[in-house]
Every structure is written in structure tokens, then in C-alpha cells.
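Letters A, B, C and D mark the chains in the order given here, with residues in each chain numbered from 1 onward.
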Amino acid sequence: MGTVITKIPWGVLLILLPLMGGMACFLWPRIAKILGLVLTFVGVLSVVGLGWQIMSNGVYHHAVGGWGAPLGINLYADGLSLLMLAITALVGFGISVYSSGYFERQHSTRFWPLWLLVLAALNALFLSNDIFNLYVTLEVMGLAAVALAALTGSRDALSGAMRYLLANLLGSLSYLFGVALLYHGFGSVDITTLAVQVKGSPTTWAALGLIGAGLVLKTALFPLHFWLPPAHASAPAPVSALLSALVVKASFYILLRLWLEIFGPLGGDVDTLFGVLGAVAVLWGSLQALRQTRLKLLVAYSTVAQIGYLFLAFPLAMSAGVMAWNAAVYLALSHALAKAAMFLATGNMLRFGGHDRIADLDRVVQRLPLTATAFALAGVSIMGLPPSGGFIGKWLLLEVALAQGQWGLVVIIVLGGLLAAGYVFKVLGQAFTQAAVMHESRAVPASMEWAALLLAFGAILLGFLATPVLSLVGIGSPFGAHEVMP
Amino acid sequence: MSTVFLYALVGVVLFSLGLYALIVHAHLLRKILAINVMGSGVFLVLVALAKRTGEDTPDPVPHAMVITGIVVAVSATALALTLMLKLTAETGNAELPEDSRE
Amino acid sequence: MNWNAWIPLLVVASSLLPGLVIFSLAEERVRLRSTLNLAGALVKLALVGWMLWGVYHGRHYETRLALLPDLELVLRAGPLSLLFVTLSSVLWLVTTVYAIGYLEGSPHRSRFFGFFSLCVSATVGVALSGNLISFLLFYELLTLSTYPLIVHRGTEVARRAGHSYLVYTIFGGALLLLGTVWLYTLTGTLEFTPQGFLNSLGEEHHPALIVIFALMIAGLGVKAALVPLHGWLPQAMVAPAPVSALLHAVAVVKAGVFGIVRVVYEVFGVSFAAELGVTGPLAWLAATTIIYGSLRALFQDDLKRRLAFCTVSQLSYIVLGVAIAGPIATIGGVVHLVHQGLMKIALFFCAGNLAETLGIHKVSEMNGVGRRMPWTMAAFTIGAFGMMGAPPIAGFISKWYLGLGALEAGQEWVILVLAGSSLLNAAYFLPILHRAWFQEPPETWPEERKFGRKETAWALLLPPVITALMALGAGMLASAPFSPLGWAQLIAQREFYQP
Amino acid sequence: MNEDIHSISLLIVMVWPLLLAIPAVRSRLPWPGHLAIMPAAVRVILPGDSSFELSWLFFGTEFAIDGEVRWILAMTVAVWLLAATAAKSSKSDPTYDRTTTFFLLTLAGNVGVVLATDLVGFFSFSTLMGYSFYGLMIHGGNAEVQRAGRLYLIFLIVADLVLFEALLLAASTTEDLRYKVVRQAMVGTSSTQFYLWMALVGFVFKAGIWPAQLWLSSAFKSVPFSRALLLGGVPVSMGLLGMVRWLPFGEHAFYVFGMVIQMIGVASILYGALRFFTNATMKMLPAWSIITVTGFFMATLGTGLVYPALWSQYEYLTHPFIASLGIFLAALTFTIGRLQDTRPHPAFASRKVEDLSLWVGKWIGAIRRSSKDRLFGLQSLWRGSWLKVKEQPQRILDWGKPAVLVGGWSAAITMFVLLGLMLAWLAR
């Protein structure tokens, strides 16, 4: 049994199945829903299989078609990739379940192929180990995501998607330019090779500038976050969820990988800059979220703030690498679950009430208790209150910041949590008013409510899984040698 | 100044021009074109840098990259144009509306 | 697997699980809901009783679950934890009975009881926590699960109260988190240890430790309603009476105070804290709160608000007892944890009865209620005299030990504070009693409900009477072996001042 | 066996009134007041000293009856029987039923105070007694009564606070809080002075001794006689008793402290006498006489503090004195009340004279006729004990100590004047 599992090339399956599935859905729209559900579920199983493989054999390598680097394409998965794949599979499955109830036929036929395409691209991205492959997957994911964002065809959606697309293309091209420079300098696109060869030189610095800017733009770090709120807020709920939870994380993942392997060791003050931008993002995003009167925009701005947290790890990683990165990864994982749950819950409210004006949400929130619970639990994680994944991440981050005496960051971390509490409760407070007015409502299928709730539960559950998760992430030492914890 | 370097320099100039155009022009078609110009710049750089080994036969890998890149650029342009048309049909204006909600 | 290792977890679960089930119950399933609630309360009580007996005979109950690398979620039943656990579980039972009677026929009951059970679970978790991170976890859980109860009525006032509650407590929680993490970076452990675990830290860390202490006290002080962090408590009185009774007299506010006890005794260690020079300011802060709370209470016409300010004042007795930093004062402080809970919950029950039966919310409407509701007002009288520290009610015992402890520690000024507070207590309680017993009742009450020959429903009448009797008993039987006082002495002996 | 019965009887003495105080019980009994005091009365008569310990109550406490306590208990029984009778007679009073609860609670507190052997027990029961007495005093009264009640309450609260401090001081000095131990322990420690002053202030307030006589006089002025007759026996006597029990007499000479007490005594004698002469209405007679008599007592206490040896010699007289004082005042108030009852009392305008005479009709005449004799009898009893005490100043005179001279002189003169005046007034 064990040997069978370890022999199947799970990594390839993770890419191929959704890719083929996407095409199949495009060709046979009638089975799109079923196929999508099945394939995302198989995706979950495949990740489990891959996890088994990695845990028993160590880091996963697969040379596609038998051609290895430098000519062929190499699949590579260590603990970090595995976790990203796992969270993608989980959130993806949740989104699929949700979408099966959400979309009407007309949109459904367009949604499934695109969604499976995004999923394939995401999986491929997390399994890639060369910077050009990363570019391709990033681009495929980005284009499919733009198409998804424009799905409803409304004015807001179209203009949001347009902005998103332009930002995306700009980021990709910039990234590609950086890739070109790196290849020119070191003659390889394989990350492992590059890591060995890379040296500080004008070419490298230029590459860092181009790649960094491109990825920061795609990750929507302040001040390059301008495209995110309109795009995320105007997309259909499952799309918003997947954009906020997964797509944004993909570019962050690339940045993290490249930083760890290639750019980080070079030194310089880039990490400080990232830290400062992250800090401003936390404050700015949270304050903007507090100011919003529309629920989806609030949640979207919350994403801006939460991305800022991820970047706070950069300056801290100088002297406490593993801990800081652990914190960032944990925050990314829990944010993926929580934000997906939040957007899905928002979608439920929007569907039930027909609007997302926060001030008038009371009658909606009260009649969807499961959705309200999902929103609340996700909110707990976003606020970083225990017990939740967000809390663990914040705890680790605070610990590192305090150990290094980075008082500015400490204040930012704490303040960000307080502001998050502010905007989360701005919504939750609506659950307890005396809403007497009845209104026209559209029923919300149970699958939609439960999908949101279970994802939110996942974010909470992550608060109790720190030990296994952190030991998983250590497989293959993506963050370098493990230091002794203080 | 070698030919290769000249090519590369032109590529960089194209990229910068495209970037400039992307920023200053409001019309979406111009923006899309700007993106394409930028892409061409990058491809040019890639092609030029393929001769980095100094041998007669250039490195094939950048070429493969450029081909991939062109495919991506084509599909991206197609998507962008579709979006633009839809947006124009919806708003009657081929420019991005000022976002009233921000 | 040893069973003893699971009992603390079971104690938490015995209210958590019914709570979760209750959420999913339909509004009209009153009987099932009540059964679940009461069954949970009884099971919890039985488990707590079992642990009480065991701990008294020196057994250990400890649950450990991994939470972070090197940090575990620890639930441990020591004498101090059991004091608080017993208090909350006994009062949970009583309050559940009360709440069933009180909320009869009102909307959103499933939600209410669900969150109510969550609150109790969180409180019990706070009590049983064996290290700071577990404490923090349950502390925040308590914050979150209380909020829905405060805003339960959904009125504008309630929402504002909930809002201000959140502002205070989330802020406090953040400070506590900060202090905790900082401490962890210094020591690498957060386990509650008798006599603290910071003694070994070098001189150079002392300034940092003082700041950490301040952070933690500020974080805990929010729930403990230390001036100037008390603002949320009087506002939170818009919540239904059972909530005010259990949560704002016992569970929530005590969680803060209990945390202060833990921090002073089992994190810093009282002698080390005294050496750092942090207990002095804490004592002054507590003294200020005592006097300030009493002064504010004097001018409240709303009965529950008056009681709330009284709570503010009384809670700081506990803090004061802790901050005096002597064994006897500690006993006083710790035993007041229980005593204040018993007396104040009785008072709040009575206030709830008046509101529910006669529609009385204000002190000025209380003329002659003693004749209409003699049992309720008798319970109220016991509670009020207890608050003033009149013998033989429980409050006297607390005050006695506090005063003695202050003398023993050479802090005579505390006596003046106690005297001043008692004077003020008398000044705001006796007029109420005078009105209730000696003024002529009005022709009609604001909103009277009839209950036949009884003064009010059984479920509303029994809880205040029982808790008042418990307060009386805790005072009169102070020397009995399992009395709160006896247990407090055991705590001081075993945990704080063991040789 | 006999021991046990004695102990249990003591317990019953204390618990019985509390039991009867439960509304459901007392409303079914015809004579709750009388019934409640019965066990105590029986115990007074029964010979033999006894004690019983309740280790679980408070911090462990003990109650006992011995020769000294018997005096006080006897007084208590007498006063309460009188009060119960007076209250019963005014059953037409609409508040009677509810008053009874307070009546019984006060009684229970009083008995407890008398029987307690340590400071905590004393303090606890005096709290019960004090606050219940407030209820008893003002129940159903008019504004004037309320005002008097308020005054009483303020003094009571402050007194309790101050006594609590004294109690704490004592407890921090000695673990064992029995009177005798405390007296010995509270000598020569750093907190002695503080303790003395606290206890003094506390009991001066509680007993309404000058300069804290305000509540007492206004209570006498406004409270109906059936309750006012308790004033002497309950707060005043118990206050004096407390002083005797709490202060470290016979252990050590406290000059300054003793002198101050003596001065208080003299001042209150003078004050009482002055008021007596200037504007004493019939109703206020007991008030002024109380103030004078307590002044007298204070002067003696002061002397005892200055000369511990003397105190040891005459200590046994204090309890009989307090007992006689209580009885005397109760009887006096009762008599005056009866005499005045022909006029409707402002607090109970609806009271009918016929009701009153139903059960004491004959008594009134008898008292009127023989009040002179009876009071003489009482006074001689009282003066008899007192004269023995008075020998003390005589001795002191021999020693030539001026402070004592003042005390003795004032005591003698005031007593004399007081008695004379009272007799004259009554015989008028």
C-alpha cells in the first residue's frame, strides 16, 4: 500500500488532472460541475498522496518526460511547496463546493474551465523550481484569474478586471525581464543552480529590482495595491475568495522562494524596505477597511492589510530566519483559509440580501446564522485572536520581533490586530440588532453556508496544528538550516 | 559597442517607452499596445542575450523562452482586447472609469 | 492513558459541547435546551467535586496538548484553579436555573444559552490554565463569547455598550499578548510556577520585567475593571440580568483578577515582584479603584449601574490583597474572589427579579419593595451587608484578612482605604435597604407581573436566596474545612508560600 | 452530661430568637417576643456556669455564661420582657407585625453580644443588633423618627468601622481574641494607643456618650416609648459593656487616655445635668439621665485606667452596674411612656387609650401611685452598688490625686442632683 502511494507521480497528477479537466469542462459544459467537484476532491487526495511521499522519501523531485535540468522541466516539492499545495487543495475544494451552488447555468459553464485552469496553474507554480516556469504558470494563472474576475460582465467587474489585467501584465513583463537578466548573468533558470552561482553584480541587482517590483505588484503590497480592492470586490464571491486566498499568495510564494534562494543571501537593505512597506500596508489597509461602507470592499482591504503582515517577516528574517519565515507561512496559510471563508460568507449575505451595504446588513446577518458564524470565526483568525491560525502566526512574528527588539514592528503587529478587530466587529455587530423589517430574500443553499463555515473552522483548527504544520514546513529546510529556538 | 548590446539596449528602451505609454495614456487600446511594446522589448533583450556564450551557435533556451513569451503575450492581448470591447460596450467609453468607490 | 489527565479537559468540555449543540437547536425546544444546560452544569459540578477531593488529597490532574513547538496548552487543576473553577461551576448551575426563568419567552434563546455556555467554558479554561499562553487563549475566547451576550438585546444602547466593551477588552488582550510574548522571549517558558519563574533572570532584565508587568496588569486590568480601565463595565449592564450576574459579577471580571493573581504569584513570584517594586504601585492603583468605584456608585440611580460600580470597587479588594504581598492579605484577596462572587451574584439576581417582576430599574423606584418581595429583598440585604463587610457575612471575612494582612505587611494606609470604602458602601447600600424596607410602597409598580401567591417565579426566587445563603454560610462557617477561607489558606500554603 | 445540657441550652438561648424571626414562624405564634426571650430567662435562673465552643463559626468562637455575664443577661431578659410587653400592648400599631422581625433580630444580637467571649463574636452580634435595632427604631415612624434613625445609623456605621480597625489591631497582635487575652496582649505594643483610641471612639459612638449623644437624644425625642425603652438596655448598655470588655483594664496605667475618658465623663455629666435643668420635657428625662449616668460611668472607667490596681479591686461591680443601669432606664422610659400615653403619640396618632389599659390598666394606677417608691427601690439597688465603687475615689482622695478627685466629685454631685430632680418631677 505504502509503496504504491509513494510510486504514483502525484505532482504530475496535480497539474495534469485540473488542466485536462478544465478542457473537458470547456468541451462538455453539462458535466462541468460534477467534473469540477470530483477533480478538486481528487486534488485533495493527490496532495495527501504527495505529502505521504514527501514524508517518507523526503523532498520530491520529478523530471517531466525524463528530461532534467537544465533542458527539461523539473518538478520539485519540499515542505513549503507541500503546504501551499495543501492549502490550495483545501481552499479549492471549499470554493468548488460553494460554486456548485452559487453559479447559474450561464456563468457556470464559463466558471469551471477557468477555475480548473487556475488550479492547474497554481499547482504547477508551487511545484516549479525554475524561474521561467514560474513565469509561465504565473501568467496562465493571472490570465485565467482576470477572466474569472470579469465573469459577471457587469461594469464594475469589467473595469476591475481590466485594471487587474493591466497590473498583472505589467508585473509579469517586469518579472520576465528580470528572468532574462538572471539568465544572462548566470546561464540558468533553475533555482537550485542559480542559488549556487548567484553573485552580487549590477545584473543581479537589476534583476532583483525588476522581479521584486513585478511580484510586489502582483502581490498587491502597499503602495501597489490599487488594483486589488476593485478587482476582488467586484468579482463573484468564489472568485474573490480564490483571488484573495490563493492567487495573491502565489506571487508571494515566488517572491519568498527567490528571496530565500537567490536574493536573500546577497544582503542589502531590501528587506528593510519590504518591512516598512508591509508595516504601512498593515495600517493603511486596515484603516481603509474600517472606512468602507460596502462589505466586499472591506474584506478586500483587509487582504491588503494582511499581505502587509507577510512582508513584516523580511526584516526579521535577517537574524532569525526560520522563525520569521515560519510566522509568515503560518500567517499566509491561515489567511488563505480565513479570507476564503470571509469572502464566501460575504457572498452568502450578498445573495441573501441583494446588497452588501454594511449598515443595512443586520436583517441578513441574523437570518443566516451559519454564515455569520463563519464570518466571525474567520474574523477571529484575521484579528489574530486565539485559538486560531492567525494567532499562532502573529505569536511567532511577535516573538521574533520582540527578541530582536524591533519595537516599531511590535507596535505595528499589535495595532494591526486592533484595527482588524475594529472592522470585523463593524460587521458582526450587525448580527445583534433588533432587525424587524422583513425583505425579499434569495435562498442560500446549505452547501454554500457550510463551505464557508468549514473553511473558517479550518482557520481556527490551524491554531491547534502548529506543531505538525511547522514540522512539515521544515522538510527540505526551505528556510535554511534550523536554528535553535530561543 | 557590439550589435548584441545594441539590441539589448533597444529592448530596454522599448520596455521603458511602453511603460511610459502605459502610464500616460488613458485609452485602453493604447494601454494594451503599450504592454505589447514592453513585451517586445523584453523579448528583444532575451533574443539578444542569447548570444552570451560568445560562440557562433546562440543559446537556444532564450529563444524557447521568447516563443513561449509570445504565445502568452498573444493570449493576454486577446483577453485584454475582449475585455476592452466589453467594457466599451458597457460604458460607451474605452477608458477605465475613475473608481467612485475608492 | 491515565484518566486523570483528561478530567480538566472534560471540565471545559462539559459546558462547551452542550453549548455547541444548543446553538443548533430550534428556538422552541425549551425542554431539550434546559436539560442539556442543566446536565452540563451537573456533570461539570460532579467532575469539579471529584477534582476538589483529589487535589485536597494531593493528587494531580493535568491535560497537555501541543500548541506550538515548546509551548503546550496546559490545563492543570491546582488549589487556586479549583477555587475559581468551583465558584464558576456552582454559580453556573444557579445562573442557568435563573436564566431559564428569566428569559422565558424572549427571542434568541438558543443563541443566548449557546454563548452563555461558551463563556463558562472559557472561564473554566482561564481558571485551569497551567501556563500563560493557555490563559491568554481562554481569556480571549472569553472576550469574544461575552460580546454577543452584552449586545443580546440588540438595542442601540446595547450595541454601544458592546462596542465599548470590545474596544477595551481587545486592547487589553493585545497588551497582554505583548507582555506574554515578550516574557517568553526572555525566559523561554510560560508555565505557572509557585513562587514564579523569573527569579533567575539577571539584574539587566529588570527594567524590561517592570514594563512587562505593567503591560500584563494593564491587559488584565481591563477585565478586572481597574480604574481607568473600568469604563466598559457599567455600560455592559444593559445585558440581561443573568449575564450581569454571572459574567459581570463573576466570570469575566474575575478572569481579569484571577489573571492578576496568577501573574503576581506564579509568574513573577510575590517576593520577586516586591523586589522589583511593582506591587506598591499596584496596591495604590487598587486602592484608587476601590475608592473611586464607591464614589461613583453613590451617584447612580440605576440599580444595576450602582451595583456595577460596586463591582468595580470590590474587585480591587482582591487586587489589593494580592498587591499587599503578604501571606494573610493574599488569603484575604483570594477568598474575596469567592466571597465577592457569591454576594454580588445574589445582588444582581435580586436586581433582575425587581426588573422582571415589577419593572423596577431605578433605586428611586424601590420604595417599599421589601413588602412586595420580602424574600428577594432579604437576599439583597444579606448581599448588601456582606459588601459592607458586616459580620457574619462573607465580606467580613475577606475584609478581616485584608486588614490583618495589611497590618502584618506594615501597610497601615490600607486600613484607611478599607474603612473609607466600607463607609461609602454603607452610604450607597443602606439608602436602598431603607427604601425597600421602611418606605411606603407606591400604589402601582411600573410593570408588574403576577405569580399567584408567590412574589415571583420559583426559578427567579431560588437563585438569589441560595446564593445569599451561601454568602452567609461562607462567612459563618469560615473555619470549616472546605469553606472558601479554608481553601484559600490551603492555596496560600501550598502554592504561594510553601517553604 | 450536665455540661452538655448546659451548653445546648446556651445554644438555644441564642438560636431561638433567630428562628422565631423567620416571618413564617413568628406570624403563627401569639407572643413571639416573650417566647423568644424565654430560654434566656430560664438560663438566667438555672444555676451553674457553662460555655460552648463553635469551632466552625467565624474563626472559631465560644459563648459562655458566668457570674458576670449572668448580671447582664438578667438585665437583658428584663428589658426585653418589658419591651415585648410594651410592644404587645400596642398591637394596634399597623407595623407591629413587621417590627417583630426586627425586634427578634435585635434580641438575638443582644443575647449574642452578652454571651460572646471574644472580640469577633461580640463585634458580629453587635452588628446584627445595631442594624436590626435601626429597623426596629424607625419602622413606620414619621419624618422625625426617620431623622433620628439616620443619625443613629451614621453613628453606628462609623462606630463599626472604627471598632473593626481596633479589632484588626488586636488580631494582628494576638491570635487569641478572647477578652482576657486581648486585654493582656494589648498592653505595651506599638499599636496599643491606636487600639485604645479606636475602641474608645467606637463605643462612645455606639453608646451615645457625650459628645456623641446627638442620636440618643433625638431618638428619645421621637421614637415611641415601647421601643425607646430599649435604647438604654440595648445600645447604651452594650456599648458600656463593650468598653469594659475591650479596653485593657487592670493591666497597665494609661494616664493620658484615662484622663481623657474621665474628662469625657465629667463633661457628659455636666451636659446631661444642664439639659435636664434647662429644657427637659417629660419625654426627654430618660435621655438626659442616660447621658449623665453614662458620664458617671465613664469617669469611673477613666479612673480605672489610670489606676489599674483600683480597677482590679472593684472590677466585679461593673457588670452589676451596667445591668442595673439598663433595667433602670428601661423601667424609667416605660413608666414615663405610660404616663404620657394619655396623649396621643405623634408617631402613632391613631392609638387608642383603651387598648393600652386593657392589660396594664391596673398597672398604670399602681405605678402612678407608687412610682416614687419603686423608683427609690431601683435607685437604691443601683446606688448601693455604686457606692461601693465610690469608695474608690475616696481612697484616691487619700492619695491626693486630683484627677480622680474630679471624677469622684462630679459623680457624687450629679447622681445626687439627678435623682432628686427625677423624683420631684415624677411626684409632681
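What we mean here is this: a residue touches a chain if its C-beta (ideal position, glycine included) is under 8 Å from a C-beta of that chain, and two chains touch if they have at least 3 such contacts.
Predicted model, so just to flag it, every value in this text is computed and none were measured.
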In terms of mean CA position, the chain most removed from subunit A is D
From the mean C-alpha coordinate of subunit A to that of subunit C, what's the distance rounded to whole Å? 42
How many angstrom lie between the centres of subunit B and subunit C, each centre taken as the mean Cα position? 67
Could you please state the distance in Å, as a whole number, between where the Cα atoms of subunit A are centred and where those of subunit B are centred? 27
Take the average of all CA coordinates in subunit A, do the same for subunit D, and state the distance between these two points in whole angstrom. 84
List, in ascending order, every residue of subunit A touching at least 2 other chains. none
Touching two or more other chains - residue numbers and ranges from subunit D: none
So subunit B residues touching two or more other chains come to none
Can you work out from the touch definition every pair of chains that touches here? A-B, A-C, C-D
Sites on subunit C touched by subunit A in the complex: 23, 65-70, 73, 111, 133, 136-137, 140-141, 143-144, 147-148, 151-155, 158-159, 162-163, 166, 170-171, 173-175, 177-178, 181-182, 184-185, 188
Going by the contact rule set out above, which residues of subunit A touch subunit C in the complex? 369, 373, 376, 380, 383, 385-387, 391-392, 394-396, 398-399, 402-403, 410, 414, 417-418, 421, 425, 429, 431-435, 463-464, 466-467, 470-471, 485-486
Parts of subunit C lying in touch with subunit D, wherever the complex brings them together: 371, 374, 385, 389-392, 396-397, 399-400, 403-404, 407-408, 415, 419, 422-423, 426, 430, 437-438, 475-480
Which residues, counting only subunit A, touch subunit B once they are in their complex? 70-71, 132, 136, 139-140, 143, 146-147, 150, 153-155, 158-159, 161-163, 165-166, 169-170, 172-173, 176-177, 179-181, 183-184, 187, 189, 229-230, 233, 294, 297
Partner subunit C, residues of subunit D touching it in the complex: 23, 55-60, 98, 120, 123-124, 127-128, 131, 135, 138-140, 146, 153, 157-158, 160-162, 164-165, 167-169, 171-172, 191
